[in-house]
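Below are two complexes that have chain A in common, paired first with chain B and then with chain C.
Coming up: the complex of A and B.
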């Protein structure tokens, strides 16, 4: 029978099938960070349980870590407590940890692929909703809550209700792929399907416009699957996937043999059917800017802040939400997006903090200066990304323009560390969520691509980067 | 985990759609290393003004709903972050059930792991519950929500129903399948990462 990629991965990981759609799945890789794991390790301790497969478990600290000088003690005592708890838990349970001072430290979804922990055809879980990122490699990867973190630590398995399959077909060719990025493709998808559009499903991204993307760009797409409601999003692996991974540290011994198998098998069969489908053409999409308090509240940079009724399309609940969002964001309907001024710029997060993101943003910044009154920062996703960028001299480009160049971590994506917005501050951010208070209580987030964020830093307001002649 | 059978209480109406877990418990409160004590942070930024005083216009501060065990909310409740802290906060505050038209997947799972029942009803029933201010009864065994003239059946996955009714420890249950897990592991060793 013809099968989708999702079905193949699912079936190859079933340990037990209850027959009612629910299965016990084996977990090939478990990623752990400091915020969602302490209660899970505590649960193990209380019940005298061990970690079943420490060799398949990888931990790092990213949410809480300060991104300024690492040699200084952590000022926030509760953050320090969580970080120390993870160190203690990893040492007690024998889990490999890429700690604060490790040359491999970074955002968990950046270091997984970078270290070859992420592999095609595998199942990957982490107590973090952006685990969907790893789907870019053709891995079934999804976020779980802390109770499931404990369950996976103890059993290396997880109970799952089988989701439906949802094909996201991305067709066409962007006119200028340096100005219209993977982030813009994904925001365009989310604004059309809504933040709950993919609830109960797994996305598979297909089509020419996906094949042409680099691995890092595919990660940006898959990363935000959860923003469209899907726990996981997949891209079938191809030569780019295998080339990206080859030589990385934690790949299986028989990687080359596995590539042969993956090449043949890890794809959706020609006549396989999806439960749902959505198609988008990227030829004419513009750079995207979010205006509201969820990622579906997004418009083209050439557009205006919408009127709530216009946004809601007849749904009273959505209209009310849009009114509240405009109030929170301090925006008037009808305002051109390019007239919105920003106070802060954040280039970073598990969505957009990889080398390519920084290379592209640097093209915008080179030889220019950050607008007066704007505070801008670049936070590389990992220590590896940081070193690679520095080898290319990107740190100088950003610093010369007036950007701060920081240590790796989640930073201002979620304001659990000292990098936060003050109330009322407006930020062009390459992160994934513009929820109220996400970047700091009262902070106003506009989601954009790295080049759009960089351009906003220079101009002091949003600009259409297609006019910058980027190549 | 406390078993769940039947509850009856006033329902707290939170008439908003797409309520994300960042609102249910804001990020500054995710740093605790226990599961308890999160109730005081539930909906913190909506519940308290910048001066720390309770906001009179927020429903959780309305004395009429004090002691409520049921939260009523708009569609796509619990979207965003996977933080189970959101569920711990609801539970610690006193909620045992949330009624909406739909829930985000991770949040939905997290509820059952902590003895909270997420109840999915149709839009019409939800609207009626919002408008009707009498007590609401949820009967898990019968899979019904009733309140005044309203009576609705709800669907729930059979295993989740059992988990809630019995207050099961699912790790202990899974560990009983140790043999099957080991068998799977022996067949799939090639996938293991290099040990370096």
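Coming up: the complex of A and C.
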């Protein structure tokens, strides 16, 4: 029977099938960070359990870590406690940790692929919703809560109800892929299917416009699958995937043999059926800017802040939500997006903090200055990304323009570390969520691509980067 | 299971408003509870009573995988969230630690329930009774695994 890529990976990991899709799945890689793991380790301790497969478990610290001077003590005591708890737990349970001082430290979804921990056809879990990122490699990767983290630590397995399959077909060719990025494709998709559009499903991104993306761009797409409600997002691996991975540190020994197998098997069969389908053509999409308080509240940069009635399209609940969002965001309907001024710019997060993101943003910044009154920062996703960028001289490009160049971590994506917005501050952010208070209480987030964020830093307001002649 | 409805006429109530990020560093569950729903309703902790239900629209609990969200609601007294739909990580987290029951209902049911209505939940019959309005609604049956975990009293008690 013809099968989808999802079904093939799922079936190859079922340890126990209880019927009705209720399955116990084997977990190939477990990624752990400091925020969602302390209670899980406490649970193990209380029940006198050990970590079943420390060799398949990898930990780092990213959510809490300060991104300024790492040689100073951590000021926030509770953050310090979570970080020390992870250090203690990893040493007690024999789990490999890329800690604060490690040259491999970084955002968990940046370092997984970069260290070759993420491999095609595997199952990956992490106590973080953006685990979907790893799907870019054809890995079935789920975000889970702390109870499931404990369950996986103890058993290396997870109970799951089988999600439905949802084909996201991305067709066409962008006129200028340097100006209209993977982020713009993904925001365009979420805008159309809604934040709950993929609830209970796994996306598989297919089509010419996906094949042409680099691995880093595919990661940006898969990262935000959760913002469309999906449990996971997949892209079938191809030569780009294998080339990206070759030579990375934690790959299995028989990598080349595995590539043979992956090439042959990790794809959706020609006549396989998906439970649901959605197609988007990218030929004419514009750079996207979110105006509201969820990622579906997004318009073209050439557009205006919508009137609630126009956004709602006849759904009264949506109209109220839009009114409330506009109030929170301090925006007037009808305002051209390019007239929205920003106070802060954040280039970073597991969505957009990889080398290519920084290379592209630097093209916009080179030889220019950050607009007066704007505070802009670049937070590389990992220490590796940071060093690679510095080797290319990107740190100088950003610093000369007036950007802060920081240490790696989640930073201003989620308001858990010192990098936050003050109430009322408006930020062009390359992160993934514009929820109320996400970047700090009262902070106002506009989700954009790295080049759009960089351009907003220079101009002080949003601009259409298609007019910048980026190549 | 009986309780009164605390209703939010809102879709997409995300985990960042259910429990804002800065509180993810708190390990004491009763302390977490003091910040439940803080991003949406600063008075929540004053009005919630043990046994209350939250009633909301579509895609409740979207966003982060933080189990702190259902924990904070649970320790503030919430026994069930009645919503048109749930984001899947929240849905699972709610039952894994037997924190609260995530009950899915039709859009009309959500619209019909008013803030303060007395509700009685009978999951064995897939029914919700509105004692204030003297009406009975259907709840959607739990998916297979979620139902089994609830029956067992949490993930760690579940045996295949």
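Please note the rule applied: the second predicted complex is superposed on the first by the 471 of 471 C-alpha atoms of A that agree within 3 Å, B and C clash if a C-alpha of one lies under 4 Å from a C-alpha of the other, contacts with A are read in each partner's own complex, and residues count from 1 in each chain.
Going forward, a contact is a pair of C-beta atoms (placed from the backbone, for glycine too) under 8 Å apart; a residue touches a chain by one contact, two chains touch by 3 or more.
A quick note: this is a predicted structure, and the numbers were derived from the prediction, not measured.
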- Which partner does A:26 contact after superposing on A: first (chain B), second (chain C), both, neither? first
- Task: Pick one for A:199: touches chain B only (first), chain C only (second), both, or neither.
- Result: both
- Item | chain B versus chain C, judged by how many residues of chain A each one touches | B
- Query: Does the superposition put A:442 against chain B (first), chain C (second), both, or neither?
  - Reply: first
- Thinking of the overlay built on chain A, is A:151 touched by chain B (first), by chain C (second), by both, or by neither? both
- Task: Considering only touches as defined above, state whether A:55 meets chain B (first), chain C (second), both or neither.
- Result: first
- Task: For A:309, decide between first (touching chain B), second (touching chain C), both and neither.
- Result: neither
- chain B and chain C footprints on chain A meet at residues 16, 18, 20, 22, 24, 35-36, 38-39, 63-64, 76, 78-79, 81-82, 127-129, 143-148, 150-151, 159, 161, 163, 195-196, 199-200, 226, 229, 231, 294, 317-318, 320-321, 324, 414-416, 433, 435-438, 441
- Which residues of chain B touch chain A in their complex? 15-18, 20, 22-23, 26-28, 30-35, 45, 50, 74-76, 79-85, 87, 102-106, 109-110, 113-114, 157-159, 170-171, 174-175, 177, 180-181, 184-185, 188, 190-196
- Task: Using the touch definition up top, name the residues of chain A that touch chain C in the complex.
- Result: 16, 18-22, 24, 35-36, 38-39, 63-64, 76, 78-79, 81-82, 127-129, 131, 143-148, 150-151, 159-161, 163, 195-196, 199-200, 226, 229, 231, 294, 317-318, 320-321, 324, 414-416, 433, 435-438, 441
- Show which residues of chain C lie in contact with chain A when the two form their complex. 9-12, 14, 16-17, 20-22, 24-27, 39-40, 57-59, 62-67, 85-89, 92-93, 96-97, 143-146, 148-149, 154-156, 158, 160
- Query: For the complex, which residues does chain A have touching chain B?
  - Reply: 15-16, 18, 20, 22, 24, 26, 28-29, 35-36, 38-39, 42-43, 47, 49, 52-53, 55-56, 63-64, 76, 78-79, 81-82, 85, 116-117, 119, 122, 127-129, 143-148, 150-151, 154-157, 159, 161, 163, 195-196, 199-200, 226, 229, 231, 249-254, 257-258, 294, 315, 317-318, 320-321, 324, 414-416, 423, 433, 435-438, 441-442
